[in-house]
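Attaching a single structure in structure tokens format; questions to follow.
Order of writing sets the chain letters: A, B, C and D. Residues in each chain are counted from 1.
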Amino acid sequence: MGKGRIEAFSDGVIAIIITIMVLELKVPHHADIEGLLPLLPVFISYALSFVYVGIYWNNHHHMFHAVKSVNGAALWANLFFLFWLSLVPFVTSWMGENHFATWPVVCYGVVLIMCAITYTILARVLIRHHGERSLLARALGGDYKGKISLGIYATAVGVSFFYAWIGFALYVVVACIWFIPDRRIENKIGHEEGPIGG
Amino acid sequence: MGKGRIEAFSDGVIAIIITIMVLELKVPHHADIEGLLPLLPVFISYALSFVYVGIYWNNHHHMFHAVKSVNGAALWANLFFLFWLSLVPFVTSWMGENHFATWPVVCYGVVLIMCAITYTILARVLIRHHGERSLLARALGGDYKGKISLGIYATAVGVSFFYAWIGFALYVVVACIWFIPDRRIENKIGHEEGPIGG
Amino acid sequence: MGKGRIEAFSDGVIAIIITIMVLELKVPHHADIEGLLPLLPVFISYALSFVYVGIYWNNHHHMFHAVKSVNGAALWANLFFLFWLSLVPFVTSWMGENHFATWPVVCYGVVLIMCAITYTILARVLIRHHGERSLLARALGGDYKGKISLGIYATAVGVSFFYAWIGFALYVVVACIWFIPDRRIENKIGHEEGPIGG
Amino acid sequence: MGKGRIEAFSDGVIAIIITIMVLELKVPHHADIEGLLPLLPVFISYALSFVYVGIYWNNHHHMFHAVKSVNGAALWANLFFLFWLSLVPFVTSWMGENHFATWPVVCYGVVLIMCAITYTILARVLIRHHGERSLLARALGGDYKGKISLGIYATAVGVSFFYAWIGFALYVVVACIWFIPDRRIENKIGHEEGPIGG
């Protein structure tokens, strides 16, 4: 089955997720600049989530670039991933409105962990469909960045019970790690003609 | 007429339907984990509807995969189906906010029945356009799953007047039946070269 | 310039317009079936607007099917049309919430008139770009349906000041007229090989 | 990497941005025409922002028309631009609801400046990817319109502290300057066969 429509649907859902978050920036009813101050934590958590959803869109884009076709399992794995991604706007505004209090920061981390796990499941399903020797499998390799991210997420969730701001800072760290798009796939595709050891 | 734009439009509408449901998860104003408890029924009904809309997107995807072109009647049948699907977020949050009370569960079932009927109409219109001997017609065959689903929906609506939770459980059952994507079309396309008896 | 992206953008905007209207169906806070009764006028006006936006999407689809390329003027004419179409959800819910009172019905008609005028401008811009002897120009011909619709809209707006329900009924009449998609273009394309007198 | 999916994602995000702004036109609860009067400033700022987002979509469309492929940096530059564009609905409704008071008009200008700067960054990233002698680089040339716009924006922000309406009028002026789509690219593509001096 072609990959065109699963890409189009995912693009639509991710575009909506990334855009509706801004609706949580409630317009202040006063015209003073002081009216914007209470929005600052909401804005910060919006900016972080925008980067996270952007990272997922980028990696999704790169991954499907190396994909040739999809099967039914991949459709469901993709929907499962989109389900957890669709919860990001909820935890984003809960975290922002409560000024990075313990439980919202913990739940934000839990949603990020579920997104990471379901994204990995999607990658595994696609690799099983294309074969362990496929371009996709070689490009993703040991998925070190994914494993490190999961470790930091888990640490952040644990630390958040004591110092929620450290938890939040760790989410920013993971975003910085992923900010550089997944060059593994770009590189593999670029070097396809040469010898591949990975 | 090509099928590209009807697919793109349907993808857009279904992507919006599946994503705006999450807006009904109202952010609690307290930072306690107890604040999430009242959201649990809303979350459960959101998860069920996400699966339902996902099933419809999957089946829509599969059905149009076997479609070669569309006519004016198919455009309208598709819009008619999307109209009923667009009511899913409304009944989802009515059902969740009222903790699966009788009437919301009944109305949820009625909307599911209308989605199933209009989807069947869409399938019939497409089959009439392609001919009874087309790939699409052979792939859909007797549509047993569709008929069984309609029967369970009707039972669920009736039972809901007495035990609403059983009605809800039956909706979960139908979702499980459909969770496996419509392999009939995948199989037919795969075996196109061989003899077809079906 | 290719027409692909203007189609994709229009599909996106129209899909959002047709779907966000359902958000105006505010979920009742009680679980009784009586809670749905006050929503009936909102639901009726939603259904009418869904059909109208569906009609415009259908005709837009048909028109761009006969279009080969677009220029800068067409991009702006298209945006101008989408601007007025984006006001449909606003007048829809104003009309529904006020039970088809005079001014909301009048404004609904004014928005429909502006949609019809800007759609005609878009058609004219595309015809000027393709030439008066193009497939598109011959297919649209004298645009009788468009002119009749404008006449009925204007009548409906006038009548609404006295009997708002008659105005609303006239909007339903126009929707019925257009319900049959614009077969002129389908026919012209189908008969392209034969002689065209039109 | 192909440009198809970055175009589709941008189309989706821009379509949502341009459409959700209309949700800020809160439906009045009375049926009198006087109920619409307080909405007039919100409507005016909506119309201006619709034109601005439309201009950006048009220019984005033209720019990617001249683009052959994208790299990871372009994906991020595009997301960075979309982030600032996604803040337009927020400042639009803040400005409209406060009847063009000083700080909202200033912030509207700041968001426009950030959109202009990030759009320029996106253009630079794409030019660096395609080379200084590419069609894109020659088409954008010295980017006089972009520089003039930035100057007017900055003036408008400064003037707004004293006369907010003049600041708003200057935003309208810039919108008029850009209303004519970026013919530089259309022309360059059209004259590709002839000698290019620019």
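Brief remarks on what is shown
Everything that follows uses one rule, which is that a contact is a pair of C-beta atoms (placed from the backbone, for glycine too) under 8 Å apart; a residue touches a chain by one contact, two chains touch by 3 or more.
Predicted, not measured: the structure shown is a model, and the values here were computed from it.
Superposition angle, chain A onto chain B, using Cα atoms only: 90 degrees, a multiple of 5 between 0 and 180.
Centroid analysis (C-alpha atoms only) places A farthest from chain C. In this structure chain B contacts its sequence twin chain C using mostly different residue numbers, the overlap staying below half. If you average the Cα atoms of chain B and of chain C, the two centres end up 27 Å apart. The distance from the centre of chain B to the centre of chain D, with each centre set as the mean of the Cα atoms, comes to 38 Å.
Within chain B, the positions touching two or more other chains are listed as 8, 12, 15-16, 20, 23. On the chain C side of its complex with chain B, the touching residues are 7-8, 11-12, 14-16, 18-20, 22-23, 25, 27-33, 35-36, 47, 50, 54, 57-58, 61, 64-65, 179-181, 183, 186. By the touch rule above, chain C contacts chain D in their complex via residues 1-2, 5-6, 8-9, 12-13, 15-17, 20, 23-24, 71-72, 75-76, 79, 82-83, 86-87, 89-90, 93-94, 97-98, 101-104, 107.
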